[in-house]
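Both complexes below contain chain A, partnered by chain B and then by chain C.
Our next item is the complex of A and B:
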């Protein structure tokens, strides 16, 4: 018996190839549209390292991506395709902002209360689609996308109604100073939320890889009939996964709100679920890999921003890269031959081995 | 010497995930014959036909038509080469008429629209020509299954097929319809059509076919003249053993009635009463066999017992509690194990690893608080693989890449080691190779020695006879017979009960 875990080369090759192909296409576009393509490309690829500020921009941008990647990871493992993480994220931000403005408290206690409330709200919102689905049979994808509209508009309306800064007209008044997570490094926006993010990653790694719940969830997602037959309480497992996903997204919303901002500024919907799906895919749905893939996405975004500041290529090029990557990774047939050849060889070897034994 | 029309050389099919479905298959079909392809469920018959019809890609090997090698990229190519296929589950559009279905895809147009009159004329013409009667103007949803099948056959001929593949055509037909179909197939044979007939009903093969090829475990075992072999010989080739199974089974006294099924009722979603006021009991240490033609309530009854299905009324009393009111998890905890009928649908998560499939039913036992106990899991899985001879390269590979017999051994390992006192087995050896079958039988008898109580539902009467201490026969959701002296029971006698031709008096049934 072979005890060593087999390394999934196929997955790694596929993801790497997808990334390379999309970057090559990006480079082709840059060469086609830029007046000075060499400089533009240089800025795109190395821009994040050009200044300390740029580099820590990558870190800041990565934090909400990680939370949403983790949320999507646990929610989608159940086999439910809920996109409600955006609702959780946004509305938890609204709750965090409200508490930051309206409930002054001592330092540290204030942040803890805010984050706890954001997590709780996120969790409650997270389970709504699955409850509606259970009662009415409606599709969770549709429900959750509609909920994202509702919670964005409702949340922003609440802020405008209660805490609007009349002099500004669209943002809220300032948070209490005790509500800030505090900067990690002078001259950057990177905040202590980074540690909370790291804790969330470790929590998810233990939950998905080491815990009874995580295994039950994976079995349920892989074959619900089998899970039911094996005596796994499917209802509880699915509900739990949506609750945990919502809580992670909510915590992410709270961390982002009091880490990055001094007042509520989310006047447009914050859409992280699609990024979350991409990051989860890039990470091969492994929680420990999610920070890595979030860092990568964040890196190319900041790179594109640096490039667009200094030249004539729009930063929207990132969307093209992301689109191509999702498409390639999601297409089962991409590089399928590699896997197929290997599987066929193995099947024939097994066959030969069995024939010898017989 | 008949002219060879179709020849297959070393055909191999490996499905994604490394599942070897066909391995080096060789056989040939002669012009104008009815050639049977026989084999148990899972022997690879359907995969082979799908490759010949261009629906499944061929992994390796060659197909020759009229001596020339052909490659089919899709069923369109196969049709163009004169091959037609009638699927087991008919592929018709129910809301269209018979004529519209016949011409679907290659219809003659009148301007932008389908020329309905022409379609009906053509349908009637071809129907008459081949003596396959269909009502051209009727909608498909309103015609009988027998007529649908005729329509499917006409469809293949309308598209120019000279070789027609029929995938278990009689599975859905009543006996009279089957007879009619056979008559028509023999007619087509006279017209020079070649027919490939997939079946596992041996008397049909014997009656209808000229030659047959036996498939087993994805391999072609033998091709022979039907006239030269008896049904018993064919069956021996299919199963790979003599149909008789004999085990030395120690005689023993049985204990208490530990599980009682009382007045169970169940109606399925189509409103048909599957379990009808059913009562029986299971004694400690016995193997209770359940026989019956498929669809007579055996499946439903045992699924109620394990908690996988909810009864309408009635009860299953075990250790003073009614299992019907409990969840599957609670039933498992109180000592009920279950080897389900379908190993892919319910018995395993095919994409997951062998390890995850082994531990799925014992997650609670194999963890400390909420965290999985890795050491205990490795030890448990290693013992399952060792004691139940599960052939697998590692515990990490997905279970679907194992052979059917090894998947089944893994499932049996999981259920037999869960610490249960009552084990429900539904078709435990269906479609597995003979080695795995004998191994599972041995394990069943070991459990019996350990005073476990087993319920064995099987369509294989030889298996039931070899293993059971008692056999009850289901007919229309009720027990038709109780056979306590298994060694003297004949399969013919079981058959009479199964068909409802023989019925034990109520006093005996009460004792079941």
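Our next item is the complex of A and C:
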């Protein structure tokens, strides 16, 4: 029998086709809406490479996207569709900002404490929906969506109540100067959080692909009954996945807050976690591919921003592109015929091979 | 606590209940047929936008209403097609369409009116409010019930209609059969796919009405993010309803109550962000309590059988 491990061409083809189709649809929309579609399209596709600042904007936006992508990856692998990572991310940012303003500490210690607190808060928030589900049977998606609204409003109220900058009215007062992650390159805002992000990716790769926990999680998400009969402690595995996911989102929020900002500026809800769903799908739910898909999403986001500065095409076109991509990838029947034909051909070949051997 | 005796407060409660009641009924009829309609948020947003665009450009309320209904229903049927025919994961596709709708509505708004936040430049129509001739004379109850927007009355009538349809008509029984056991329904000759599409069609119509109420009811403009999660709240109220349309009405009124409290507090100088939390907190609390109650009841029934 042919035991060679085959590269998953089918998955790659589907993802590429989804990306191409959605970009074509985006191009059609741009042609319909823009006064100068060729320039708009050019700005969209090549905008991020036009200046050094634009390109490093892509890298900077990629950092929280990777954290959120990893968080969604581990949380949804359990089979539970909890979106509480949004609350974890935002509220961890709130906690990070509060510590940055209120608890001055020597350099390095301050950042470590802030990030540790952000991670812990994110983890605690992350397990709430699953605990409620265990005790009462309530659906974790609904609980997490309600929590998102609650934590956003509560978090922003905390900042307004305790740290508001009276002259500005919306933002907080400045962070202590030690609460920052430095600058890697002059002329950009890229910060040391990039290395923390890389460490997180490697850690999650080892956890999900190489460790016993990752294997148990994968089995639990695929078929809970099978996992139970195989002796896996489902409760612990699921809880662990939500805790780790929440911690990742919390760390992402903390890193983003002290890496990119000098004061609290999140007056609207942040959407990184929702992009995380698409990043996870594009990466084929593999942790090592998440930075790649996060880079892609960040690229088209910045491209759309550059295009929207021209005036006539709004940057929200990215949401439409993302929606189409998710729909196509999530549809099992999309390009299904390809897979079916290939499998039928293989089955016939195997049959012929066995007939020859016999 | 004197707001409980204030008639205006109860009037406001019913006013806030309306969009969530429409959305709950939309969620109810879809979930009874086995299709979890997670695209309610997006359908409401799209219907709210298209209703405003339609009536703003043609100057007619009817044209706007038709536009809104068409848009929201088409959106829901798109979701139904992806889930039924292309076998997409229903949660992921619902969430994806909602994201596309919320971003896409801002995109359309900006492209057409040049304003990213609200459709102030469009003179869009609004559904009229009615006074009920005899009831409005009754002191107390009259002030609460009479004078609402016509869509509010439609919402409550629709709730009762859905209760009757699901329990007493053949169509309703087909929907319930398909929702309870697909194979059993197929074996008696019910066309499962067609029934589900019909249920989603109704769901889309109801969600569109809910969305249009927001932008063409008391306020006649579209604002970005105006649906504010009501499509998701409807999932909670639907879960509390447990398939019963009248219970759905009760859970929606609970939401309206929480919303009314938050509006009342707005006039009392409490920070707006703190107030915005109140309906969501109340829904989570009620939802968790109801779920716990159903779980205990289920365990009791299981232990008896």
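Operating definition for what follows: the second predicted complex is superposed on the first by the 342 of 358 C-alpha atoms of A that agree within 3 Å, B and C clash if a C-alpha of one lies under 4 Å from a C-alpha of the other, contacts with A are read in each partner's own complex, and residues count from 1 in each chain.
Here is the rule we use: a residue touches a chain if its C-beta (ideal position, glycine included) is under 8 Å from a C-beta of that chain, and two chains touch if they have at least 3 such contacts.
Just so we're clear, the structure is a prediction, and the values are computed from it rather than from any experiment.
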Touched partner set for A:30, first chain B, second chain C, both or neither: neither
Which superposed partner A:305 touches (first chain B, second chain C, both, neither): neither
First, second, both or neither for A:121, with chain B first and chain C second: neither
Partner chain in contact with A:319 - chain B first, chain C second, else both or neither: second
More chain A residues in contact [chain B versus chain C]: C
Partner chain(s) touched by A:247 [first = chain B, second = chain C, both, neither]: neither
Which superposed partner A:149 touches (first chain B, second chain C, both, neither): second
Contacts of A:215 with chain B and chain C, given as first, second, both or neither: first
Which superposed partner A:294 touches (first chain B, second chain C, both, neither): neither
Common interface residues of chain A - those touching chain B in one complex and chain C in the other: none
Sites on chain A touched by chain B in the complex: 1-3, 5-6, 206, 210-213, 215-216, 218-219, 222-223, 225-233, 339-340, 343-344, 346-348, 350-351, 354, 358
For the chain C and chain A complex, residues of the former touching the latter: 82, 85-89, 91-93, 95-97, 99-104, 106-107, 110-111, 116, 228-229, 232-233, 235-236, 239, 271, 273-274, 276-277, 280-281, 283-284, 287-288, 291-292, 294-295, 298
Chain B to chain A touching residues, read off their complex: 12, 14, 16-20, 23, 59, 308, 327-329, 331-333, 338, 340, 345-352, 356, 359-361, 363-364, 367, 370-372, 382, 385, 391, 393-397, 401, 403, 435
Chain C contact footprint on chain A (complex, rising order): 33, 81, 83, 132, 135-139, 141-143, 145-147, 149-150, 153-154, 156-157, 160-161, 274, 277-278, 281, 312-314, 316-320, 322-324, 326-327, 330-334
